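In what follows, chain A forms one complex with chain B and a second complex with chain C.
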Partner chain A sequence: MASRTASGRRTWTFYLLTSLFAGFVLFLYGPMIVIYILSFQGETGGLTFPMTGFSSVWFHALIEGGRTGDISGSFQRSIVLAAITTVLTVLICVSAGLGFRRRFPGSGVVFYLAVASLVMPGIFVGLGISLGFQFAELETDWLISGLGAQLTWTLPFGLLVMFAVIGRFDRRFEEAARDLGASAWQRTREITLPILLPGIIGVGLFGFTLSYDEFARTLLTAGAKNTLPLEIWAMTTNVTSPALFAVGTVTTVISFAVIGSALGSIALIQRRRSRNAGTH
Partner chain B sequence: MSATLNSGKIEVVAVTKTYSPGAPPAVDNLDLVIDHGSYCCLLGPSGCGKTTILRMIAGHETPTQGDILIGGRNVTNLQPVERGTAMMFQSYALFPHRSVLDNVAFALKMRGASVVERNAKARELLEKVHLEAFANRLPAQLSGGQQQRVALARALITNPRVLLLDEPLSALDEYLRLRMRGELRRVQRELGITFIHVTHTQLEAIAVADTVVVMAHGKIEQAASARDIFLVPRNAYVTRFIGGQNVISGTVERTADGSARAVTSTGARIEVPLKGRSASPGERIFASLRRDRVQVRRNTGGKPAQDSINAVAGEVHAIENQGSYVKVTVDLADGEEFVAHVLDEDFFIDPIDIGAPVIASWTVRDVHLLEDRQPQATGRVAAAA
Partner chain C sequence: MKISPVFASWLQVGPLALVLTVFFGLPVLVVIAASFFDFDHMAIVPAFIFDNYEELFTSEVTLQLYLSSLKFAVIVWAITLLIGFTVSYYLVFHIDSLLLKIALFLVCSVPFWTSNIIRMISWIPFLGRNGIFNQILADLHISSQPLEFLLFSDFAVVVAYVHLFTLFMVVPIFNSMARIDTRLIEAAKDAGASRWSILREIVLPLSKSGIALGTIFVVTQVMGDFFVVKVMSGGQSASVVSALSNEIQQLQYPPAAASAVILVIVVMLMVAAILRVVDVRKELAS
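Here is the complex of A and B:
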């Protein structure tokens, strides 16, 4: 290795770069680690160090509700919203991605039009939607205007990922299937979708996490009932107990569970495909 | 079914394929007949239209103009599956998420065959290509040569009358390439169906094919048996592309006794048998000359004597030992590559060095007149061009 001298000792650059990377990791995760630790604050403890003990009392406070606001209600709404957003994002992005493989006049313009919406400031997208609803004399609601606002964010993102996934797909697989007598539907079901599946799961994962975390666009479009990020935001001004940190810990666990199950299912697919490897 | 429906005779009739309006056609008003049960190689550099023809026969491209007939039936507008053809794709396009067995059985599954039925047939084919032990593997777990055999089995499961092979050996290493081309030839003989094999490798085409079709710029330069393509090439393009021969040229001085006397651009005299064809004095004619029939000896006294014929003087430019022969490239100062294949045992009696002046000579029976002609040259510059 380059990081070792001829005598086998590590060079000084190895230590320099390693500490640089360690600093980077701390920079990334440090703030959240503080939150996780403080969420286990003792019963008499406050929002800051020192810890007066170690307890799970703040997690219980969350479930009981009351002085911590509508955490479980907003969590349920966020999960439902994220699930619907995920399904719609996957359906629309996969169809659009498959359709977009055939170049047509103006396809470049369509591509940039779809992707450029990513750079629009989210808070104004939300404002525009809420003004539009007001103008049309409609009530904003997390399941209607909120869903729409989130889709303006997840769809271009999902499309971008899908184009990358499809860009690596070799069309000869489909041609070979056609040569062997597969109809258009059979080709899609038997060849194209299974080969693209890991990428499609990736699109779904993006859709879920982007929606679950979304704040800027949802703020002015969620209507009377809050999603989880909005509820947490409200709590930071009202709640003065470590229950706030407990929310952070729980949402992190859920995010990792979602990502873990997505990666797990990709691994499972790949394992199933090579399940019989080595049997003679 | 009638005999004609089972026939794998291919007729390409006045086919033109243009991909975008205004662009030069990929295939230009091309006619080609391939007999049932023959092994045909489409040979040419990349972009010559050979793969386009293959794909049009398979039904993956539609001709802009013209018709394609298989077994006497016009299939121009039929789906690939209705043509009785099967295609083996370049780098095989084996479905990466399906086992070897499922890959081979795929066509039967699409036709609605039961699991038992299609797996039995697929196993039968895998046995033929000696891969029955690998039925449950994924394609990525096989070597290149094994993948090629899976692709072959997958294509053959529907009993096609024509097998279309797009660069079938290009994904293999040299050793496997040589072995598999013999294998392809054996399978074709055994099945007795038509094989059309696209390649850009001359030796591959000559080695396997009954008929070699040499293409350039969407047109056929020559379609002939592998032996004829080598022995009696039509023009300088085919001669240079197939290799193994030199192209020599000269301006005709006179014709007599069925042969032409010509003078090369460097002043050497050559004799070219006309074999019934004509050449008029003043015209520049071209001929092919087998490299393995050229003698090379040291030049001890300047230019060859004035009256000597079929001998040219030059300087050794490169020497490559090929094992059983030595490839001696001679610089004749006329811009055309001139090579002699000297038998190793002859060469090493008195090895020549690079830069040594030599005389290369041959006998008239190894010279073959080509179709290319250039009108009377009007000076040295034109003659050298």
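Here is the complex of A and C:
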């Protein structure tokens, strides 16, 4: 490899790049860790150090609502919305990913529609949906227009993940099953989907986290009731207490729990597979 | 009953096509239509007028907004490209253990799955007047006066953008670099190439599609952003979309729609220009 000299010693670039990488990781996580610490700020403390104590009063402030807005309500809506978005994203993207393995008339159009939806500024999509609902004299609602707006963001991502996953899939497994007389549905259910499962969990992870944190597209389409990112956005303009950081800590804990369980189950599946492969 | 393969594919892709048509295709058409509408302070009036565009193109503010957005896009692009390339290069060519490689890659990508708004806010305690950065400077006796330009400035906007969007650069560049056949590099080394010329003549050209993909992501994200500019500049800077969102707040939908249409055309031209330089489809297809 490029990182070693002929005698096998690390080159100076290795140490330089290692420290640069460490710096990058610090840059990524440092500020986030600081706000988790500051969310336990004492009652009289402000938005930065020093800590005037160690308390959970800012978390209580969230639950009680009042000045910090409707955090618990918006939190529940965000979870429900993310869950629905995840299920729909997985179903639609897995199905579409399998369909895209053949070239068919119109496949290019759908693909470019997805790519366009991915790079389109979120507020454009939100504006279009909200105007469309206005013209059709429908009320925007987080569960209808909000859901649709988020799908225009999660579906293209899920589709790209599916492309990457399917690209690594060995079709000989399917052909072998076909030779053994399996029907198309049996092949999909018993061969293709189980093999693709880790990737499908990945699609779900994207679906959940992208929906749970979505802001630009949801802003104009959520209707009367806010999702959590919209509520946080409102807080940035009128809340100047560590309660803002407490929200950050809570939502990051949720994100980490989802990421952890998704990655954990992927790792578990992979390990079980390599173990089974070893015994055969 | 046997269904044809083409029909089967359409059944499988149908739901995706339907959702994207209803919630993306149609809304785009609605915005385009609305950009020609008339309005008064009460309602939007269907019409076919060019006033919204005329106003947009005759206003000096438009050009300033685009220059401001482009400035951010270029600066952020350059920084994220440098970081993204370095990080990917390190992970792909300096980390030998596959497990460690995956672990470090995940360390880089986990923040992507957490809230953007929270990650942006997390810079406030750092950059503020009494923030950590200024405290460190004071403790080290580097500067007796707190630096005022850190928070609520263009500097803060760029820092937040880089923090939010570098991953968009890391992931595609890492992907294309990881696909480079190491035998190619071994061969170049055997033929006496220096590490610098390997980097320039093998790694860089073979990472081009990843760089292009990352560029598209970063540029479109920055051009489409408004909340970072709004919060981190403290209202001092503006972007195309922050001006647009102000118009929406004042219920001036037709001018907002016209402004959105022009923005998308500009962004699409930028994407097309990038695609002209590099064929990204190769990346997606393989």
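The rule is simple: the second predicted complex is superposed on the first by the 250 of 280 C-alpha atoms of A that agree within 3 Å, B and C clash if a C-alpha of one lies under 4 Å from a C-alpha of the other, contacts with A are read in each partner's own complex, and residues count from 1 in each chain.
We take it that a contact is a pair of C-beta atoms (placed from the backbone, for glycine too) under 8 Å apart; a residue touches a chain by one contact, two chains touch by 3 or more.
For clarity, every value in this text was computed on a predicted model and none was experimentally measured.
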Taking the superposition on A as described, I'd like to know which of chain B and chain C A:A224 touches: first, second, both or neither. neither
Residues of chain A touched, compared between chain B and chain C (which is higher): C
Is A:F104 touching anything from chain B or chain C once the two structures are fitted on A? First, second, both or neither. second
Partner chain in contact with A:P194 - chain B first, chain C second, else both or neither: first
With both complexes superposed on chain A, which partner does A:L180 reach: first (chain B), second (chain C), both or neither? first
Of all residues in chain C, those that touch chain A in their complex: 5-6, 8-13, 15-17, 19-31, 34, 44, 83, 86-87, 89-91, 93-94, 96, 104, 106-108, 110-111, 113-119, 121-126, 128, 130-132, 135, 163, 166, 182, 185, 189, 195, 198, 216-217, 220, 223-227, 231, 241, 244-245, 248, 253, 256-257, 260, 263-264, 267, 271, 284, 286
Can you list the chain A residues touching chain B in their complex? 170, 172-173, 175-183, 186, 190-191, 194-195, 273-274, 276-277, 279-280
Which residues of chain B touch chain A in their complex? 58-60, 79-81, 85-87, 89-91, 93-97, 99, 106-107, 109-111, 133, 136-138, 141, 154-155, 158
Once bound in the complex, which stretches of chain A touch chain C? 1-3, 11, 13-14, 17-18, 20-21, 24-25, 27-32, 34-35, 38, 47-49, 91-93, 95-96, 98-100, 102, 104-107, 110, 113-114, 116-117, 119-125, 127-129, 131-132, 134-135, 148-149, 151-152, 155, 159-160, 163, 167, 184, 205, 209, 212-213, 215-216, 220, 229, 232-233, 236, 244-245, 247-248, 251-252, 255-256, 258-259, 263
